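Heads up, the next two complexes both have chain A, just with different partners, chain B and then chain C.
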Partner chain A sequence: MENLTIDETKYTPKINLNMEDGLIELKGKSYPENTFEFYKPMMDWVESYFSGCEQAKTIINFEIIYFNSSSSKLFFDFFDLIEEVVNKGKYIEINWIYDAENDSALEAGEDFKEDFEKLNFKLVEK
Partner chain B sequence: MEAFENKLIGEIEELQSRFTQTTQKLIKDVRRQDKIMARSDKRQKQEYDELQKKFAEVEALQKEIEETQKEVVFTMGAIGESRSKETGNHVKRVAQYSKILALYYGMDKKEAEMLKQASPMHDIGKVAIPDAVLNKPGRFNESERKIMDTHAQLGFDMLNKSNRPLLQMATTVAYEHHEKWNGKGYPQGLKGEEIHIYGRITALADVFDALGSSRVYKKAWDDERIFKMFKEERGEHFDPKLIDIFFENLDEFLEVRDSLKDV
Partner chain C sequence: MDITKLEDFLDDSGIVFLSYGGILSQDLISNMTEALEKEAEVNNVSLSASTNIFTIFVELSQNMMNYSKSKNEANEEFDPKGLVLVGYNKEDNSYYVLSRNVLDTTDKDKMLPKLEEIKSMSRDEIKKKYRELRRSGLDKHNKGAGIGFLEISKRCDNIDFKFTKISENKYQFMFQANILIKKK
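And now, the complex of A and B:
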């Protein structure tokens, strides 16, 4: 499978999905006009990656400074998927990276961490 | 003997289990949605508060800028006045007359208000006229008159570098307030509507006020003499339309003159 990179725009984050490095990275803002359509390539990639292409250890870096509610919903769906994978015994590390001054980013990270107790979910202050 | 178990029970139990799974998932989803909504509401409120704060700041800054600009312009007008032989409330009256003329001429309120602020700068060029000429008691000789007349060009040179709308307007006023409708004014000798309306208006306002005020070297003209002269100069020195406006609304001009008398 191929790696996938999506450039950052005014409303959408930079997405970097790298199979060899076992890396899933999102960085920037998330205000897509159609959130589920925008993230579909990413979700498809992640599903394929975890159906046999994954590394022994996968790192997920989320550095989302600002996002709308449908992005929030999508991230829940994303972590659901990750949780299923973890339940199957895969090793995954999640870093929720936030700026100290960005309260809402921290709060959102806390929400995800609380909701997905089984995940190795770290809140990382920049 | 083993109890006979109805096959249906197994199926119902299966159904029950799936139903429980589904409802649990639904409950989880609904909880999440509520959470997302609560977070979103909270953030929206913060953003709204932040925006309101920023708007208020921008508004205050805008006001500050406008006030500063008004003050600068008024101060410049006062400097010009201190260098001219006009006294007391001359520039304030010229400002008011200009605004009245502008409104009746058909300018919108904003532009008329701007002209009111810009017109006091008409004589700013006098700052650069030598004291010996400027302060000479009595009438000027021809060469002194020529030097005095450069104040319009000088005012233009001082102000025309600015891009601020108010100062650009003041540039026009300073440059063209000695032009005459018949083309016999200075410095450019413009004619009729070649003279910008700001210049035509300030010319009339300035002359009306100057004639009605007394000076070291001359007495104030009485109103009859001023009105007679204005009628004669309709279409000569002054824009005929502005002269008509002046006479049609004479009361308003006289009211301003009374309220801003020199003491």
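And now, the complex of A and C:
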């Protein structure tokens, strides 16, 4: 399968999906006009990756400065999918990266961490 | 027209910027968000408070944008003259985001009880409800005072709203979120 990179825009994050490195990265803001449409290529890639193309260890770096409520729901679905994969015995590490001064981003990370207790979900201060 | 009068009024009301009339587009929203980012930077607003202001602004303006779009697509009669503004209140050092647009009575009937419920909830209750709703996977398309208004309420100090009847089946909907700026 091919790697997938989507450039950052004013309202969507940079997305870097790299099979060889076992890396899934999102960085920037997230309030697309149509959230589900925008993230569909990423969700499709992630599904294909975990259907046999995955590395022994996968790292997910999430560095989202702020996001709208439909992105919040999309991220929830994303972590839900990751949890399913983890339940099948795959090793995945999630880093929720936030600025030390941004309590809102930290709080959002804490909520996801609590919602997905089974995940190896780390809150990483920048 | 006397533009100075308008300027004086905007200055006195602490209005940072506003958009009135026309249909909001994603580009317009993101340009306004950028302007807002600069404003927050110049005024030394903490990253935490500014993130909340941006999120609320985006949420309210995208709500209005999506509402106009759905009306357009359904070919329904619709008054796109919406107002969204961000202002600063120096008396209590707070920012406010305000939106105002015209809704059908059926939409008002759906929203009113939900907004009243949110307004009566404590911060912890709002957070709990937000996560429950997100987990349920319901409200997928963010219509009718669902998770979007919970997102807003989670990120501000208080909300205010008002529905004003303007005709048999239309209401003017006003919504305001106030964000207190804590001293650094």
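The definition used in the following text is that the second predicted complex is superposed on the first by the 126 of 126 C-alpha atoms of A that agree within 3 Å, B and C clash if a C-alpha of one lies under 4 Å from a C-alpha of the other, contacts with A are read in each partner's own complex, and residues count from 1 in each chain.
By our rule, a residue touches a chain if its C-beta (ideal position, glycine included) is under 8 Å from a C-beta of that chain, and two chains touch if they have at least 3 such contacts.
Model, not experiment: these values are computed from the prediction.
Q: Here chain A is shared; do chain B and chain C fit on it together or clash?
A: With chain A as the common anchor, chain B and chain C collide in the superposed model.
Q: Looking at A:Leu23, would you say it contacts chain B, chain C, both, or neither? Reply first, second, both or neither.
A: Once the two structures are laid over each other on A, A:Leu23 reaches no partner at all.
Q: Output check: A:Asp111 vs chain B and chain C. Expected answer is one of first, second, both, neither. What do you get?
A: Both: A:Asp111 reaches chain B and chain C.
Q: By residue count, which of the two partners contacts chain A more extensively, chain B or chain C?
A: Of chain B and chain C, more residues of chain A lie in contact with C.
Q: Given the touch rule stated above, what does A:Asp99 touch, chain B (first), chain C (second), both, or neither?
A: So A:Asp99 only meets chain C here.
Q: Classify the contacts of A:Ser72 with the two partner chains as first (chain B alone), second (chain C alone), both, or neither.
A: both
Q: Name the stretch of chain B, from among 5-13, 23-31 or 77-85, that runs into chain C once the two structures are superposed.
A: Clashing stretch: 23-31.
Q: Of the residues on chain A, which ones does chain B touch that chain C also touches?
A: In chain A, residues 68-69, 72-73, 76, 104, 111, 115 are touched by chain B and also by chain C.
Q: Would you tell me which residues of chain B are touching chain A in their complex?
A: Counting only chain B, the residues touching chain A are 32-33, 35-37, 39-40, 42-43, 46.
Q: Where on chain C does chain A make contact in their complex?
A: Per the touch definition, chain C meets chain A at residues 26, 29-31, 33-34, 46-48, 51-52, 54-55, 58-59, 62, 65, 127, 131, 134-135, 137, 140, 142, 147-148, 150-151, 155.
Q: Which residues of chain A touch chain C in their complex?
A: Residues 10-11, 31, 33, 65-70, 72-73, 76-77, 99, 101-105, 111, 115 of chain A touch chain C in their complex.
Q: Report the residues of chain A in contact with chain B in the complex, numbered from low to high.
A: The contact residues of chain A facing chain B are 68-69, 72-73, 76, 104, 107-108, 111, 115.
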